[in-house]
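There are two complexes below, and they share chain A, which is joined by chain B in the first and by chain C in the second.
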Partner chain A sequence: MANIQDIIGKICPSATFEQGQTLLVNVPAQDWRKLAVALKQNSDLDFDVLSALIGMDWKETLGVIYYFTSTSRNWEMLSVKVEVADREKPMIHTVSDLWKVANFQEREVYDFYGIEFIEHPDMRRFFLRNDWVGYPLRKDYDADPAVNPIRMEDEENEDDTYSLKVQPDGSVRKVKGKVFDADDYVVNIGPQHPSTHGVMRFRAALDGETVKKVDVVSGYIHRGIEKLTEGMTYPQTLHFTDRMDYMSAHMNRHCLCMCIEKAMGIEVPARAQVIRTMMDELMRISSHLLAFGCTSMDMGATTCFFYGFREREKVLDIFEKTCGARMSMNYNVIGGVIADLHEDFVKDVKELCAIMPSRLKEYHKVFSGNIIAKNRMVGVGMLSKEDAINYDITGPSGRGSGWSCDTRKKHPYASYSQVQFDEVLEEGCDSYARYMVRMREIEESVKILEQLVDAIPEGPIRAQVPKIVKLPEGRWYTQVEASRGAFGVYIESKGEKNPYRMHFQSPCFNLVGVMDLTCKGNMIADLIVIGAALDFVIPDIDR
Partner chain B sequence: MFDFSVVTNWINTQLLSIMPDWAAVLIECIIIGVCVLGAYTVLALFYILYERKLCAWFQCRLGPMRVGKWGLLQVFADMFKILIKELIPLKGTDKFLFKLAPYIIITASVTMLACLPWGKGMQIINYNIGIFFVLAVSSVGILGILLAGWASNNKYTLIGAMRSGAQMISYELSLGLAIITMVLFAGTMNITDIVEAQDRGWFIFTGHIPAIIACIIYVIAATAETNRGPFDLPEAEHELTAGYHTEYSGIHFGFFYLAEYLNLFIVSGICSLMFLGGWMPFHVSGWTGFNEIMDYIPGIVWFLGKAFFISFVIIWFKWTFPRIRIDQMLAFEWKYLMPIALANLVVMALCVTNNWHF
Partner chain C sequence: MAVKSPKIRSMKYEDFKDNQYIDSLVEELNATGANVVVGKLDQLINWGRANSLWPLCFGTSCCAIEFMCLGAARYDMARYGAEVARNSPRQADYIMVQGTIVHRMAPVLRRLYEQLAEPRYVIACGGCAVSGGPFKNSYCVLPGVDKILPVDVYIPGCPPRPEAMFYGLMQLQRKIKVQKFFGGANRKEKIQDFFAKNAREVGKY
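Let's look at the complex of A and B:
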């Protein structure tokens, strides 16, 4: 740690440091660019992954908190805080040229905090309409419905964009631009479309059947979860996590509970840890089965969809018995889990583990090995390992590009350090590799379940938690491996019983970020396949 | 084998004995029209249920079960629903062409159905270029699809129509070549004569290797011609929502829907006539008793049974295979299917000239 502090101190003497869960570097906005370049390019620092980019409003100042991860140095994390005092026209230099993932993330921050990013190529709002008044996540936002009524007319022109360019004399000038050329044949895919897996909208410029550019338009089901949490107590915030990526409900909630437990210093009982791990893996199986079904259905093999759902039903039955619900389980609570396992749990899980291998064989027979399916997926939607790291594509999609990025291995949590399993990697970098990673991960999940099902320790299912949950002052960031990648929760607390800022770093948000990159030059039919193989879930993007 | 022309001739003489020529022809035309349209509707309803039940079977489901015993009345409910649905007029469409398109498609498919002989003498007109006429009429259907896609003023429908045009024109070549192969073998384009020639044995047996290859090519090309999976790109549900008929509603959509199922029956029917002996029963030489039993089964049952079997195979394709991509589909046709079909035609010509057949 001291080592990094010295190097950063040398590069940027104005930086100050705060110790905490991770080292926090305070940088004035004018020196930020210099440090950002060094973080990426200096081989002693080598922070190649931008794990989270969080907009902040500290009342007097606005700013951004960055969380960086270094893959070369054992996934060490570093956080950087950049503040600007100007609330009227706050500007921070972009990092989207260094870490491509920042492109959409900065647009989100611009959307909610009004911070403009200098040299950002495409400074548009990401979730809200262009005619939205104000920046909703600012603490002084006026939520009066009269300011932003439900508008009945179309947006004026969604093709207009701009970027802030630094002039030779150091001043910043606004340069206007267009998203598409005037003679582009733009096809709207979504928001209501059978294959966008939710209300997602892609605007694809076509040349015949070939895709030239994809513009992602999001926010059709944005619920403002991050804003809502600020007015709630910690136990109340938990239920939101099940409603983001509903296919990783257990993992998301696990992550938030872990973050709060870490901040409060609560020790979770061993039984609860094992139960959480098993539920996470069951969730992963159910999610990957859905991904299998949807991928095949998007290619027109509707029958495989039913095969996947047949087995997924079994997982949902297990959830129903223990949690009382098939979707939105609300099972994890601060300190443990809400209810003990159903008496059939062990029997049901064993049954599931017993049938899965033969069912997977069936899937491979009917779909994975099919020549048409292979032709549709092999070599389609190429995403190199460098791009996967740069765009922070974690989860099965990142591992399909050969990037070892499994949080369960890198930062083991719950019972993952006690079980034997392999991190599934494929070197294909294409849609087929991503698809195969999912299928093989089901096998690994079954392996984990088999190891734990007979070794569930006796004991309490949750720790003693104070009636009123209050977090000490500070900031925490935790990650878990959700079904679609690393899911992160950031909490900043001022010592109150509700969070000052809660941010959810969702893997799917990054996944749509590569749609343009992976679809370019492919056909319109491939766009659907690529989307299916990336497997994003829309509520996770529109938090 | 019972000759159905006995019945038709009897009706004809009865009518002529009580009225002048023109009136008899008029009444006969009306009877035939009613019969064709009736057969069309009944077949379409049967096919919708047939596919739904089959698909449910492939997918470990039951399919429609609520309306009537085993859901048998479901199709009637669907039909009435579609009949009373509103025809939604759209802004910016070419109104005339938009309304014309479904009628072109349905006309082409009714005309094709009218050309098929269902049994000995059970046909409307015995053309000497029967099969050629059927092929020609089938091309008219493409026009309807292109018109529908163009007139809808929608980018999805336009892409669907372009795909459809490319696909149907390409696959018509293989389809035609496969049929020409059999025409060469039979030595006639008259459908009745082709079937009569299979009296000694179905062409798929007597024509052995080239006939089997032609049959396989025909079934593949026919699947593409009817826009069914894995060649259902023109309406690729998951890319283009519904392709060329995205904007249609009510009975106009119903026409596309009916025509799709009827085309399935028609291509299966042609396959049964050209390769599987049409209304000819299954005979094994030497098994006299067996052959006599087979002869008791009426020709129409043989014809329909064979057609339904081929339809079953095509439906099986659809519910098993993923959808192919446009460039792969065109490459498949032009690089593999058509050259094989051409070579197969030469092989068949050699077989016919050298008498290398049964």
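Let's look at the complex of A and C:
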């Protein structure tokens, strides 16, 4: 750590340091660009992944907190805080040219806080309507419905954009631009479209049948979860996580609980840890089965949808017996889990583990080896390993590009350090590789379940937690491996009952960021296949 | 000719928990009376309509996944003749709103509704569609789709179980069976009036 401090101190003498869960570097906004370039390019620092970008409002100042990960140095994390005092026209230099993932994330921060990013290529709102007044996540936001009533008139297409360019004399000038060229042929897909996996909207510029550019229009299910959490106590915030990426409900909730437990210093009992791990893996199986069903259905193989859902119902039965619900289980709580396992749990899990290998064989026979499926997926939607890292594409999609990025291996949590499993990697970099990673991950999940099902330790299912949950002052960031990649929770606390800021870093947000890159040069019909193979869940993007 | 209490094949009339509403509808229809020929025709048409309800695929969040389970083998919506989920509103009979409706989506939903062919129905499925659910207090969530659309059936739950969705579907079937396709107006309030009234109120949310 001292080493990093020295290097950063040399590059940027104005930086100050704060020790915490991760080292926090305070940088004045004018020196930020210099440090950002060094973080990416200096071989001693080499922070090649931007894990999270979080907009902040500290009342007097606005700012951004960045979380960086270095893959070459054992997934070490570093956080950087950049503050600006100007609330009227806050400006921070962009990092979207260094870490491409920042492109959409900076637009999110602009949408929520009104912070403009200098040299960002495309400064538009991301989630909210383009005629929205104010910046909702600012602490002084006027929530009066008279300011932003429900507008029933249709929204104008947002074709104009702008970026802030630095002039040779150091001043910043607004340069107007267009999203599409004047003679582009633009096709609108969504928001009500059966194959965009929810209410995502794409605007695709076409050249004949070939996609030239994809513009992502998000926010058709933006529910303002992050703002809502600020007015709630910590136990009340838990239920939102189940409803973001509902296909990784257990993992998301696990992550938030883990973050709060870490902050409070609660030791979770061994039984709860094992239960959590098993539930996570069951959820992963259910999610990948749904992904299998939907991916194949998008290509016309309706039979596979029925096959996938047949096994998925078995997983849901297990959930229902123990958690009392098929979806939105609300099972993890701070300190453990809410209820003990159902008496049939062990038997049911064993049954599931026993049938899965033969069922997977069936899937491969029906679909994976099918010539049509291969023609549609092999070589379609190429995403190189470098791009996967630069766009922070974790989860099965990143591993389909050969990037070893499994949080369960890199930062083991719960019982993952005690079980033997392989991190599934495919080198294909295409849609087929992503699909195959999912199928093989089901096998690994079954392996984990088989190891744990006979070794569930006895003991309490919940640790003693104070009635009123208060976090000490500070900031925490936790990651888990959700079904679609690394899911992160950031909490900043001022020592009160409710969080000062809670941010959810969702994997799907990054996935949708590569739609433009992966679709470019492919046919318009492949856009659906690429989207299906990336397998994003829209409420996870929009939150 | 008197309108009888609606019978559907899947469930007995007495087994439904809330019959007052249907009873009052039947009473209302019987008060005006109807021609025997028209009444018979109505019954025939309504029998057909109630047993081939084609939904519009409109899922914004979690409830949509449960809706997919409805279509899969275990729950099998085809038993109700409702498995033909359409992707175009012009081919659908009703819209089942599954999930939260936010500010950006509201005009889109209204437009989809307007594109449905008459007679059209709306089912609000899940807590979010019924009242805004856990997101009610948010800055950009619509507190229930009944603020912008006339809702026929509400299905509470987060998300509702498939069985609950079927219960809602059967309620819609019953409702359709007591409507007058010919002769009487199905909806007393004209949709334009509903929208005009809403336009004044919708700004308050």
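The rule is simple: the second predicted complex is superposed on the first by the 541 of 543 C-alpha atoms of A that agree within 3 Å, B and C clash if a C-alpha of one lies under 4 Å from a C-alpha of the other, contacts with A are read in each partner's own complex, and residues count from 1 in each chain.
FYI, a residue touches a chain if its C-beta (ideal position, glycine included) is under 8 Å from a C-beta of that chain, and two chains touch if they have at least 3 such contacts.
Just so it is clear, the model here is predicted, and its values are computed rather than measured.
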item: Partner chain in contact with A:Met523 - chain B first, chain C second, else both or neither; value: first
item: Which superposed partner A:His411 touches (first chain B, second chain C, both, neither); value: neither
item: Partner chain(s) touched by A:Leu290 [first = chain B, second = chain C, both, neither]; value: second
item: Contacts of A:Phe306 with chain B and chain C, given as first, second, both or neither; value: both
item: First, second, both or neither for A:Val366, with chain B first and chain C second; value: first
item: Touching partner for A:Ile150 - first (chain B), second (chain C), both, neither; value: second
item: Residues of chain A touched, compared between chain B and chain C (which is higher); value: C
item: Partner chain(s) touched by A:Tyr185 [first = chain B, second = chain C, both, neither]; value: first
item: Contacts of A:His193 with chain B and chain C, given as first, second, both or neither; value: both
item: Contacts on chain A seen with chain B and repeated with chain C across the two complexes; value: 193-194, 306, 310
item: Of all residues in chain A, those that touch chain B in their complex; value: 185, 187-188, 193-195, 206, 209, 296-303, 306-307, 310, 366-367, 370, 372-373, 375-376, 523-528
item: Contact footprint of chain A on chain C as seen in their complex; value: 57-62, 64-66, 68-69, 72-74, 85, 87, 99-100, 102-108, 110-112, 134-135, 137-142, 147-148, 158-159, 161, 199, 202-205
item: In the complex with chain A, residue positions of chain B that touch it; value: 55, 58-61, 155-156, 159, 163, 229-230, 232-233, 236-239, 241, 319-328
item: Residue ranges of chain A touching chain C (in the complex, touch as defined); value: 127-129, 136, 141, 143, 145-146, 148-155, 191-194, 198-199, 219-225, 227-228, 231, 239-240, 243, 246-247, 290, 305-306, 309-310, 312-313, 316, 326-328, 538-539
